[in-house]
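As written, the chain order gives the labels A, B, C and D, with residue 1 at the start of each chain.
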Amino acid sequence: MRSIRLFLYGIPAALILLLAMAFLNASFLSVAKKNEMSVGTLGEPSTLNPIQQADSASAQVAGLMFNGLLKYNQDLDVVGDLATAWQLSQETTFQFGTGEEAAKARYLLDNKRVAGNWPITNIQTEGSNLIITLSQPGLTDSENIANTLTESGLHPLPSPPLDKGGKERSFKAEPIIHFNLRKDVRWHDGAPFTSADVAFTYHAIMDERVASPSSSDFELVSSLETPGPYSVVVRYKKPFSPALLSWMQSILPAHLLGKVEPAKWPEIYNRHPVGTGPFKFERWKTNEFIRLVKNPDYFRGSPWLDSIVFRVLPDPLTLQLAFQTKQVDFWAVEPWAVSSVEKDPRFDLFSSAGGMYNYIGWNLQRPMFQDVRLRKALAEAVNVPQMIKYIIYGRGVQSTGIFTPKMWFFNPKVRPLPYDPKAAAALLDEAGWKVGSDGIRVKNGTRLSFTLLANNGNEIRKDIATLVQDDLKKIGVEVKVEIYEWSVLLKRFVSKGEFDAIVLGWGLGNGFDQYGIWHSSQTHPEELNFIHYNNPKADHLLTDLRQEYNRAEIIRLAGDLQQTIYADQPYLFLFVPEGTSVMWKSSYRIRRPGPKSGEWIDSPVRMTKAGWDYDMEWFYRPEYAPNIPATTTIR
Amino acid sequence: MLKINDLRIGFSTPTGITPALKGVSLDVGRGETLAIVGESGSGKSVTALAITRLLPKPPAVYQGGSITFEGRDLLKASDTELRKVRGGKIAYIFQEPSTSLNPVYSIRSQMAEMISLHRPDVADVDAEIVRWLDAVGIVDPAKRLNDYPHQLSGGMQQRVMIAMALSARPELLIADEPTTALDVTIQKQILDTLRELQRDLGMAVMLITHNFAIIRGLARHVAVMYRGEIVEYGETEQVLSNPQHPYTRALIACIPRLGDHRHRLPTIESQVK
Amino acid sequence: MISFVIRRLVLSVVLLFIISIISFFIVTLTPGSPYPWGELNPKISPEVKANFRKKFHLDRPLHEQYGLIMRDLFSGNLRSIKDDRPVMSRILERLPATVALNLTSIVISLSFGTLLGVFAARYAGTWKDGAGSFIAFLFIALPGFWITYVVVVALVKGFGVPILGTHSYGIEFPNALASGLDTLWHLLLPATILALGGIASQSRYIRASMIESLREDYIRTARSKGLYEDVILLKHALRNSVRPIIAGIGMVLPALIGGAVVIETIFAYPGMGRLGYEAVLERDYPTLVALNFVVAALVLLGNLVSDLLSAAVDPRVRLE
Amino acid sequence: MQGTTVLSSASSAQESPAARVLRRFWSNPIAVGSFVLILFFALTAGITVLLSLTGHDWPYNPNLTNLELKLLPPSSQHWMGTDNLGRDVFSRMLHGASISLTVGLVAVAVSLGIGMVIGAIAGYFGGITDQILMRAVDALLCFPTFFLILTVVALLGPSLLNIVVVIGLVSWTGTARLVRSEFLTLRESEYVKSARVLGQGAFHIITRHILPNAAAPILVTAVLGIPDAILQEAGLSFLGFGVQPPQATWGNIIADGKTYLLDAWWLNLFPGLAIFIASLSFYLAGDALREAAESKS
């Protein structure tokens, strides 16, 4: 009998006691923290292998453990990382019927070289081929050379066009990048970093079994050689200016993965990788945290923080609470909360317009949306400034097309369409849409009514859909809103083209190549031009832009492309939201290496073009100050 | 030993209190056997249960009278005192042996409970249990110790009940229709066992039944109850041979006798709803 | 007894097989594609997607896919689409945390539920019983996610108490006891909230079956033996009322794992509920099928255990 | 000794079982209280739906967005404040009431229908059919109901009807088990055996004899099922799979208000309370009904 009573009363009493003790312990827990930075992420990384990951959570963690050959500096200029220097060049090859023609052409060009001020560095003949090495990739110089040859009666044989449907050319243009690598880099396990690692990483990315999402960046590589242990030469099939940026790709250790077949990687590498970066992998407790510890012999010097922990916090509210109880050091603030946080003296706040814009995509296969006047009227009828003011509390700017203000090739001259419901109504009347009996406009029998889709995970897009529904009702346009789960939306509607309009957004990197989104060839299922936009002028600009290396020329072409597409209004371009992050007042500072060796610049954490967390590896907590003094200090 | 004086009990129902006992007076001397006979609903079980206040309190209401046992009025006794009397001094056996034993405990644990409560001085409890099981006529009792009630037959279960009741050496055993649920052959064995044990232990027995036939040879006195009252009380033989009250006469007339050729047994038109 | 267990196991295996078929087709029929990267990620070319589909046999007809998934499941190298890791290790990683959470919450709901149930049964019919059932329904009626948020906000705002994950990492612990208590706290808090509903329903069951047992004849016999009211209540009545609860244990598991999704998400607790929820969103078919398999196995095991337990508790139950 | 006592006990005998249950139900204060609350919710829901059908919404049109009035705390114009799109929370709560009640009632109807049919068949015929059906119930139980709802809603699309039917489809196992156990016991009773002896068909026996006797427990599970369905819908909305905007339900008001929990407390407090009180009143009424139906006296 006593045992029954013991269980009946004993267990509940014990549980209450335990809960009370645990609660007391938890509430008096000292918040003295180790020399560790703790970052909250909403999603758990899928893998830490840089060439197999595609989600932002994985990239953020892997970024601290690996280096690419190149990287962006704070002003988004491309600088060397594992590579000390790189030279761009191009081999243009003219094919002639006979060897003498090739020799004659070579002789002609030799003495013409100076006059034409072409950037030719070398001319040679191989059998009936004339090979010219130019110091700058691109097509313009090669076309001038071709013209001079034909003017002087030499006719090289035509070579296949560079792009599907592109015009025929009389030469083959193969850009070449030559990288010189740093000699002082070691992998975390001590092995030396050499060009073999770069070669292995390239071949791994192209290996089908690896199914790497970055393989599309390297499709145009025709060959990659490693003449020396610290030099790499990459040859491309045709000019493709974004190619250079692809070499920011993290490099994998050949000595660890070279001989292991990819199916084994998840067990032996992907969850505990070895890289060259400032931080080394320590521990991954699934669904909870990933901890990286500092790499003392990092080639730029040992980081100041002992460790960084990425905590997986799936619920936005608990992420906010974790920040307020200092369990996490940074917090990405929702737009509506920014105003209250901004005024709070306890926090430092960093916000910047990102590389993302929200839009409503009109399905141009629907006859209704093929009339640009209707699209223009709908754009004028939606009050985007009010939307910015209320949905994202003014934290963002109205979008003027396919690029965002932070990009160096953004065209500021493109003005956004003003909010003018009267003009919109007039335009609709002009386009034949007369207001029907029930207040909804009609044109030869069809009512101006369509369904607007949005995904249920994104609060902002749901609000956009509701507001657009209201705004367009005011000018007699009926909008039905349907919210679906993300993958359902894409599979059942978008990729099959069975939709009228959809609220979406593009998260663009810093690159200018949007061929996949806007080119008329990209309209097959699962391709990105799902609205079937087709403008020959835009197609032309897109292909030229991809082959243009000259910065000024890129700005001109990009500006023209942005203007053209904005005028067509294939999307109702909405706004570019600002990302805002918060940290406890001066809980971190930065001491990063300056351009000259031995130089250390100390500065507070602040917003740069590349974001506020650009130099995360050089963050330090003032209470654990670095041992190397700063040469220059910025308040 | 036990004296019930003008006991009045009612049951509260949503439409008021229905009287069950309207002034019952009885007494049982030491070692005596009293039978209480009456049809179901006549209040005989209520009387039995009322003695040690076993009637569930919410519906039952003690309206008056007294039950004095060894000088103490049980109606006013404190809980602790009452607990000593229950089982220790007055023990019960009930009508439905199959449901009166707790199905999830073994015979041994249920009997050990009784012994250790009322006779803590007993050293070897198991031996004592075996002795009592044997006394009530259970074959090979040692093997039965760890059995569970559902493994025994009706008759065996009732024997266990008797063994359990007697194991605390009570002074009065109240048997509330002990054999009604058993078939006739077992009935006789149980009653014989009861008679022998009563003779050996010299304890008083109050036998409650609706069957006049079984009380001859068992109880020296009999009380006939009808509609909550005792309508006749006296020596068994005397009441059987010359019943005073018309109801008693009718009751006795219903008893079938060997060699009786009447076609239908006379029945009494019952007033009780 | 042994034959009973064997027969039940065979039956369970057949059932598991049927469940795996149903769960596979329900999951794969849901529209949406299982690419681990963003569907509209401009960097992903169609070739990459095609290559990916080939790697996970997604281009094969459904029945073939099912065969392959089953073959891989039993050969142990079924891989999750999300991170290409063997599915079993993904599930087993979370098993200890889930078992700890669910087991603790079952213990809490059983112990407190029984206490409340017995209390209500003892004072059945009086105002105390009324109050008991009112409180019980109070807990059942609370919407899980709502009360969780209220408690979490109150605790964090009020006491600045850490609530996330299974341990507060990155903090210097004075001694092992503090660290141990911290882990205990991260377990007990979510488990208690998860158990609130359980406590209420448990007390309802026990109260009902206790009242029923108290009406039985053997209680009257026990009382006639002069036992204490407590003994009658706890020994005789309670033992007979335990059976419905044990029978319930088998049914509790799926509700817990499913129900724990909200708690696990809010407390960032690495449980199987969250794994399933994320797998549904990411259309990670292998993980879902394997998870359903494991959960089904746990449930059938739970049922078997509860049958065996109820036989142990109530001798009348013969395992035929 | 004769006569007088006969009359007094007669009245309680003539009362039909149903009347007795009702009498006991009304005598229980908690039952009366919860019934009044349920009536209140049903009335508000009904009136609101009537009002909105006839065109004039009181106090405001629940779906009218008005961004200037964004996230206002409760005030005289907006008794329960406004949400993140400036919509009046009080009017959305009124409309939410009608949705939540319909979800509860229809889902229970669906789960009751299926549960009774399967329970009856399993209970009445027993043997192989019983084994098969009960194993099917076990199989269904093995799925965490949550994933089942999630997948089916994603499959069929999140319209109100789909959600309600799915909740019903998933929650009939409890009723089936109850009905089966009732049938197993009632099937053994004499009047069923005699009906069978008289050659009445199985369907006739089930509907005429057994079901009415099992009515009380079934009714109780029905009443207790309603709040379960309401809580399920709220949970679904919370995870983003609930009823489509702009339609308001208590669940999706909380879900939308979730991100503002720390600042806009009213977005969470009122709907949470409403769900809580509605569910509580149904549970208490159901329990009181069970109490009334079960007690013998």
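Simple rule for what comes next: a contact is a pair of C-beta atoms (placed from the backbone, for glycine too) under 8 Å apart; a residue touches a chain by one contact, two chains touch by 3 or more.
Because the structure is predicted, anything quoted here is derived from the model rather than measured.
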Mutual neighbours - chains that touch subunit B and subunit D alike: C
Chain ID, smallest distance between chain and overall C-alpha centroids: C
Selected pair, greater C-beta contact count between B-C and C-D: C-D
Rounded Å distance, subunit C centre to subunit D centre (Cα mean): 24
Euclidean distance of C-alpha centroids - subunit B vs subunit C, Å: 52
Chain centre separation in whole Å, for subunit D relative to subunit A (CA means): 50
Centre-to-centre distance between subunit B and subunit A (centres being mean Cα positions), rounded to whole Å: 92
Subunit D: positions in contact with at least two other chains: 154, 258, 261-262
Where subunit A touches two or more other chains, by residue: 317, 485, 488
Touching residues (chain side subunit A, partner subunit D) in the complex: 316-317, 320, 334, 336-337, 340, 386, 389-390, 456-457, 459, 462-463, 465-467, 469-470, 481-485, 488
Partner subunit D, residues of subunit C touching it in the complex: 11, 15, 18-19, 22-23, 26-27, 29-32, 130, 133-134, 137-138, 140-147, 149-150, 153, 204, 251, 254-255, 257-259, 261-262, 273, 276-277, 280, 288, 292, 295-296, 299-300, 303
Complex interface listing, subunit C residues touching subunit A: 30-34, 36-49, 51-52, 55, 79, 82-86, 90, 93-94, 107-108, 111-112, 114-115, 118, 149, 152-153, 156-157, 159-166, 168-172, 174, 178, 181-182, 184-185, 188-189, 192, 230-231, 234-235, 238-239, 265-268, 270, 274-275, 281-283
For the subunit B and subunit C complex, residues of the former touching the latter: 49, 52, 54, 58, 82-88, 91-92, 94, 96, 99-105, 113-114, 117-118, 148, 150, 161, 164, 168
Contact footprint of subunit A on subunit D as seen in their complex: 65, 67, 70-71, 84-86, 154, 157-158, 240-241, 244-246, 256, 258-263
